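Here come two complexes built around chain A, the first alongside chain B, the second alongside chain C.
Entry: the complex of A and B
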């Protein structure tokens, strides 16, 4: 409902009632054309942005001789490329490595991130701005600028080609989780938190009994973002786990590409195996992810 | 209420200790206890390495030998004197310039289009258009290699059918950098549609309804009411483009061209990586890293000044 004082002065002062719908050139037909134009632009953009995924998917089902064929629909289709990729390279092992790495990084970042985000909201007045600044700056420090010391540390601790060496340094990217979770905790009504304090709840109890249950959707969204980012990480696994048995799928794909050379069928199949789990996770939760960004208050 | 309780109860004693004003070190340490995991992680894996990199940049150290020797600013001098790093810096700027429209104008137009007609259809479009951000970068780069295969890739086949010139898009010095930019552009368009969407969601629709009642056309509303309010977001996204164009092209460079042909697709991040892990020259690589971080910090300062300036009417 619009309150009377927001009605523009022009309509309020003129005696004539405002037109029910502002006059637009053309009327119904023009509006239809505009909608068609809009959908055309959006569909074409989506196809352009997703072209590599669509073309790679179609190519991965084409038999060897036909892989470069111009037909977008793979007829006749075959699963031969997938069978070859799985047999010729430890793709399944790499995917398991990647999954364990991504789940571990996600769990650690969510736990550390929720604790820190909560303390930034609860102790906002106690000189925490500088610390928050440090977290924000960490978000834009390019990871490539830090790889030499990180690499030296992992090598000296003999953690190369281990899960710990893959996972723990990726906590360096926890700043995004902290900042997103902080925005969500800030949107919890102050009265709820105040009521908990009045009832004698400690900071820890308020976090556990009030904040975390309310935060569950946000934790899900941020968790999926961290999971996908870690699944797709390329630079760190190249350095920390160069061996084909211990590395993740992205680095493995690169090794597989070197091995296969120009034989594109199995390569595309492997690329799709590396992509589709993430696409599935995203499609199941896409609204949550986009809403997490839309409500993050970023501007 | 607490005065009625038995004073020796351990629960109430603990309670009183927490509540008492200025209860000392414990209260003051509480925020740090919550932040310890994040601060330790950032300290060990971000800020520690940053300091370590500055020290490394003053050493002559081959990564295969146990230790290095102090050489002062020699590594920085080498960066400036040898042609590769300045050239890579120039190409990094070219990448940013090529990607800027895809980080600003294109996603802004699409985001406004989606925002004008809210509803289920727009939500579906929004989800689909965000998908390139989550696609595995190595897999996408390899698929592009397949698409752009100079002999039989679909790009050249279609161009040939249309009678247009065919090229080795990634192997030709005149087209390689622009092809790489286009490949990376999808991620920027996809992410920034959503970030512009977040900014648009915060706008008050009633002001636009009022203008519409007053007879303003959709184009006038967009041009004079919506776009000016996205100025702050645009400055932020330009800065993000500066930061991420180098990082996001890195994977594509590493998988597709390794900086070639003749260095035309190189950028500073890939150069740093090459110094460190192809030549094992830790000192020069660290000097490159410090140079990159200092340049980014300067740009960050400039962009936040610009944002503050815009925030004041």
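Entry: the complex of A and C
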């Protein structure tokens, strides 16, 4: 596990220390009261956000008869749901599919984003604003609006239930990567790029040897956002890869549904397992994620 | 003895020998007649010919002709926004001029890419690659050259040797494995220099390399740069807004304003024979005193008369109104106390009188600000400054004093356009 302290020194160029909080008037008691109020709000928000997750976690340990009970603590507790999810359900296969999909989408979006962003900074002098406007439009177009044409396209190409059909159309949302990476490339001092040019570097070498190494923190941040988004994607896998062998975990959870409705105990257990990689990413890279969201203005 | 009535701002050849690293046989050292319109001879050094650079409607650089002699230490100096940095970037190739050509040692490089011109540059912020060590920073260009040209480029041993040489030259040995973030400002500057010289450039461009250093370090770095220039023996072009830096470091000075070259020449020429009032006031500190006065002809001959000012004028200044200038260091201060009506010492040259307004002590000297009130009304007060050695007792504030300037140290300018008139002697 990489501790937040070991991020490369280059992070310092992007993660400036937070500005000192200006002194506010008021005595010690007033400050204490304000702090208490602030913390109350934060705690309530955190509880509200955590409640569904905790309820699901609790439910996943309850025996079938208790799932609809109001008791928040799973007593008596059972691991039967997890046994069922792991043994009688293709969860490993679904996880692997999801992982391969998420990694592929992330890698392709970063590659496309870095190249497009570099082109914006280096080459597009005329019409830059117009193209940038188009990219921004692509950012605000809801992905659902693209789903039907994309679905028709992969159907015609006979790419349903393939990795390519699942992955490639998800590149249509790489506008975020382009815009974020463009901002980061623009923050690289012009003199640094000038120095590389004078040192005889071609555009490609400047990108590879100077820009990308400096962009590592940004690439990490954008990559995490894309990875988590792709991992949690539901609608597109339902359409593009509905078969249990090819679909992702979020879609696969539907398999617990039968004629009488979902089997909630094992479903919750599988959902908890499906959350684990995302939780792991958060735990390992929480600092990066905070940076990513702060920088992207997506708070 | 005759004087040209007007010595125009002359951005033509700067053909005096470099101070330190001059090659006496260098053809650029033989002074051609300065007045001759320069033919397109293959000049050594850097030649900007008809270079024009615009940003939108604004012309930021307009240089009909500027020759930077080979092996000179040329300083482009001027206030911010005068085009000096743009000029440097045009030479480097980072900016493409809208018109004109750039020639380096006889080779037209206008269309050459920056990396192929044989120039290297030290940037104001040093622009070190933050993710590479000192060693990797310095070797960056050589490694690229080796990659681009596997047969002709430097091999591994040569890269290693040249990096070691550059490190040794700039005292970077112990820092080779550090990253730029772990270095002080002075160390970063030396790495920037090492990275620039390791390529053995024909022309080394320095864009305000001292402005990021603190005052004490700057003094040291100045000497270091002069020494480096002597060791390398190549052409160095430095950009600065600091006129003192320009005077002390350059073998050649190019004073710029508003994208144009106002005067080019040796520091002594520029200092002693400023071609324009802008140069006169920009170069030298404290700035030159300038007084706009009518030329009157009376029984005593031609001269200047104003409240608190009296001066002789050389016949070559054929004008009825002139700007007369004198450097604060050229004035001789004398006390007039007890002789309130005296007009000061007589004799050729210029004499101003007035009362002491402010005295600034600067250590080895003192700057006396004087003022001559316009008693008749209507005119302006005459203000002047004079520098006196600190060993001499400074006059008291309010004391009446006179300053005499010998004729050889007077400068005359056209009040209409600021150009130099005659030669002041």
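Throughout what follows, the second predicted complex is superposed on the first by the 243 of 299 C-alpha atoms of A that agree within 3 Å, B and C clash if a C-alpha of one lies under 4 Å from a C-alpha of the other, contacts with A are read in each partner's own complex, and residues count from 1 in each chain.
Basically, a contact is a pair of C-beta atoms (placed from the backbone, for glycine too) under 8 Å apart; a residue touches a chain by one contact, two chains touch by 3 or more.
All values reported here derive from a predicted model rather than from experimental measurement.
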- Message: Looking at A:213, would you say it contacts chain B, chain C, both, or neither? Reply first, second, both or neither.
- Response: second
- Message: A:78 in the overlay: touching chain B, chain C, both, or neither? Say first, second, both or neither.
- Response: neither
- Does the superposition put A:104 against chain B (first), chain C (second), both, or neither? neither
- First, second, both or neither for A:200, with chain B first and chain C second: both
- Task: Report for A:161: first if it touches chain B alone, second if chain C alone, otherwise both or neither.
- Result: neither
- Item | chain B versus chain C, judged by how many residues of chain A each one touches | B
- Overlap of the chain B and chain C footprints on chain A, residue-wise? 8, 10, 200
- Any idea which chain C residues touch chain A in the complex? 89, 92-94, 113-116, 119-121, 123-125, 127-131, 140-141, 144-145, 148, 179, 181, 195, 199
- In the complex, chain B touches chain A at residues 15, 18, 30-31, 34-35, 37-39, 41-42, 45-50, 52-53, 56, 63, 110, 113-114, 117, 123, 125-132, 134-140, 142-147, 149, 152-154, 157-158, 186, 189-190, 194-195, 197-199, 201-202, 206, 209-210, 212-215, 217, 232-233, 236, 243, 246-247, 250-251, 254-255, 269, 272-273, 276-277, 282, 285-286, 289-290, 292-293, 296, 300
- Message: Help me check something: in the complex, which residues belonging to chain A touch chain B?
- Response: 2, 6-8, 10-11, 18, 22-24, 38, 41-42, 45-46, 48-53, 55-56, 59, 68, 70, 111-113, 115-116, 118-120, 122-123, 126, 128, 131, 134-135, 138, 140-153, 168-169, 171-172, 174-175, 178, 200, 202-203, 228, 231-232, 234-235, 239, 249-251, 253-254, 257, 262, 264, 267-268, 271-272, 274-275, 278-279, 282-283, 286-287, 289-290, 293-299
- Could you please specify the touching residues of chain A with respect to chain C in the complex? 8-10, 12-13, 189, 191-192, 194-201, 205, 209-210, 213-214
